[in-house]
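Accompanying notes for the structure given below.
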């Protein structure tokens, strides 16, 4: 009996010793040399692996950043300038600061503004719906309402408003990674500069139909009348293909265009509430 | 017609539904159920009722209160599980043991994997094996309760396979195989009549609910292996007829191994799966500690299903 | 002779050919037609008329916009009122030419008589030119320009011309009616195409649920007595009319993944195309008319029709003429219930390939709530390409494009058998169609490099 116990202990101890030696040598021989700065950078990254930077994840970002000669092609929109300062510090590179951006939904075709003429009965996916037909309303450019953008958002910043049928951006959570802009088959969501205290002015429509057609499909559509472009003193507004666009790098937030727009397609958000007219939705 | 419906094609659907398929399986089980109640009486009806009702109730409760998605409740599927479980138990099983079996089948084997279609193991069989290990006394008590038809040669105490495991070939000599095919007293409800089970299986084949390949390959493997062993040593090993007609083989091959969720998708995968089950059954029957091995064989082959699905694909058009 | 069919998969939806006994009626002309520039597969045609121009029926109003494209002719005589965007049946903008109808005058050189021209031109180039100049496209569903298909690349040789008279889609009866009413024209059309393809043998395949059509076509074929044309009876199964399935049924050959039918020596054309070829070559008549079925499960028998329509007629006009959209209709479909397109905009206009307005009731067409997959494998059994839809669906959700390609998502013909047969109502094809697009994109990118 005792000899069995002794043998068992001996054999197991011997095996343990042998295998640990094996592990030790394998670890020595096959050790991968890695730039320690990759780990350092990864530690300061947000770690969401959202791909907003254009790389496969935070690790891939760090890996390529270390090898890059400068930070021109590396900017983490989620971490913003704070994180990038740290990254630049680790690598000893210079950082070009960027203004923070936020996702903006450029469609105001809520159920009230846009009459539904069809009912979709397929899988809940904007991609599938867009490949099939123009959507449930007479506007072939507007939001399809299946929420592909909501699904694409890694930060929970988007949600569908059940009343309007449109996605809503939670500005406190939106990091400007741009995943939603890629997910939207209609190209409605745009990354725009966040603006001072979040104030910005934008055209909430992308309908390229002629004025009459667009208006008939949606009461809040941009009809491409060009009044806003005329009133703008900063040449920030262009009208192309029957739809106006405000260049946020030129806009001075004077809001003249907002008052001028006959359909209310131009939205000004986060401005202090005026006594007469309330600041628009979102 | 205010708004036109729009969806991708196709715009029509076959009349089939999951509930209809499960309903067909229940209908197919009916002959065997009727036979079992005729032979074992009210006691058998109680076991069946407790199994069926409790499985449906557990399924409903779990989808409603744990998943909180009533859309996932499929009563017909739970009913099949309940009936199959009950048909695998001795008629003397106390109702609370059946209840525990149901809870294990639905709660642990089915729902913890995600519910309908997600389970790895066949719930009814896994629950039977669970009960066999947990309550061996109840699960091997083959006392026969009085039925509405009294078979003259009723024996109690052991199944044919049990007698063979205990006493070898002498214990089962002189068996009337034709009568065994019609009915065989001793064993669980699902072991009484091979004829009733096969009738149900033919119904399933006609309704195109199942394909015959898995079942046929199990039968063929069992027959072949027992034929070879019996030929080599007839004094020790039982022959093909004995092995095909006794125990839970017919029930297992027709109704349990063909369960959609836990069997391979492709025809050839199904054949391999069936051969595996047949082989393991025969090894357990000849050499194992338990007299019967259908349950274990199916459970073991359930584990191989993901691999079989990976290895066996059907022939694709225009490709080798 | 034994009945033939394709070997892999397939489903058997109910026939529902309610309009089978309704003779083809000619639709009267509306006041205005809108002719789409995208009536065919490939690049949209380019308008060659100006606003205000007077046009006659059969006159060219648009030229091909690329190699794979087709001529478009005016279906009516009248004045071009506008050229601009208009919504097609999916609601997307497409250039249309609006023509106000005045009288019904046809352009010069078109034989409008009923005389049967049985003499087949011997000059191959002449035939191809007539087919191209008269804007003939495949009318079996894909609307691929016919002259391109009948002119295989050098090095490939046609060994069999298959004329598709299967009409395997439920409800549709337009092909059936033309086989009954113009059998000789179809046989001549087939003989012409055979000539172009170097006198290869020709098989006209008809499903056994149309015994009348089989009889009529056989009689017409015997009467005309052309060499090398044979009529074969096929066992009813959907999607028999699919190009790849027809080739498998008739020739016993399988077209490789991503390859064209001509790679196995097959050319497939529809019976309606054969009729259009007859008109184009023998009568010099452009493709401006076609046959369309008005049918559905919520229509009384008296409201079923088969119409000879002109392209550019608004669907709403046809529906109105036929007695209006029935109250119970929930979904309107252009084409069959398996592969047709849901009509999102009834103001859209007919195109060359229009084959039906199908009214389906709520009960027949609305999708039921999706349940869990029970791994029954019915989708895989039904798939005529031998794919595993359940697997492709899962891989698409996981975003594994590489595995999708390995499992041949790109081979999907979008026939709808998987979704049709799924007892859990899982929208398999919705996802697989997207998966197919992804894989095709990857393959295209790779081929570019």
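Order as written gives the chain letters A, B and C; numbering starts at 1 within each chain.
Going forward, contacts are C-beta pairs under 8 Å (C-beta built on N, C-alpha and C of every residue); 3 or more make two chains touch, one makes a residue touch a chain.
Fair warning: this is a prediction, and the values are worked out from it, not measured in the lab.
On a Cα centroid basis, the chain most remote from chain A in this structure is B. Of the two chain pairs examined here, A-B and A-C, the one linked by more C-beta pairs in contact is A-C.
Centrality annotation: C (chain centre taken as mean Cα position, compared with the mean over all protein Cα atoms). Averaged C-alpha coordinates put the centre of chain B at 49 Å from the centre of chain C. For the pair chain A and chain B, the distance between mean C-alpha positions equals 53 Å. The centroid of the Cα atoms in chain A and the matching centroid in chain C are 42 Å apart. Of all residues in chain B, those that touch two or more other chains are 4-8.
In chain A, 117-118, 121-123, 128, 132-133 are the positions where the chain touches two or more neighbouring chains simultaneously. Taken residue by residue, chain C touches two or more other chains at 331, 342, 344, 365-367, 427, 430, 433, whereas all remaining positions touch fewer.
Taken together, the chain B residues at the contact with chain A in this complex read 3-8. Those residues of chain C that touch chain A in the complex are listed here as 85, 87, 90-93, 331, 342, 344-345, 365-367, 427, 430-431, 433-434, 437. By the touch rule above, chain B contacts chain C in their complex via residues 1, 4-14, 16-18, 20-21, 71-72, 74, 77, 114-118, 260-261, 265-266, 313-319. Of all residues in chain C, only 8, 11, 13, 170, 244, 248, 254-257, 259, 325-333, 337-344, 346, 358, 360, 362, 364-369, 371-378, 380, 384-388, 390, 408, 411, 414, 416, 419-421, 423-425, 427, 429-430, 433 touch chain B in the complex they form. Chain contact summary for the complex, chain A toward chain C: residues 117-118, 121-123, 125, 127-128, 131-135, 138, 140, 209.
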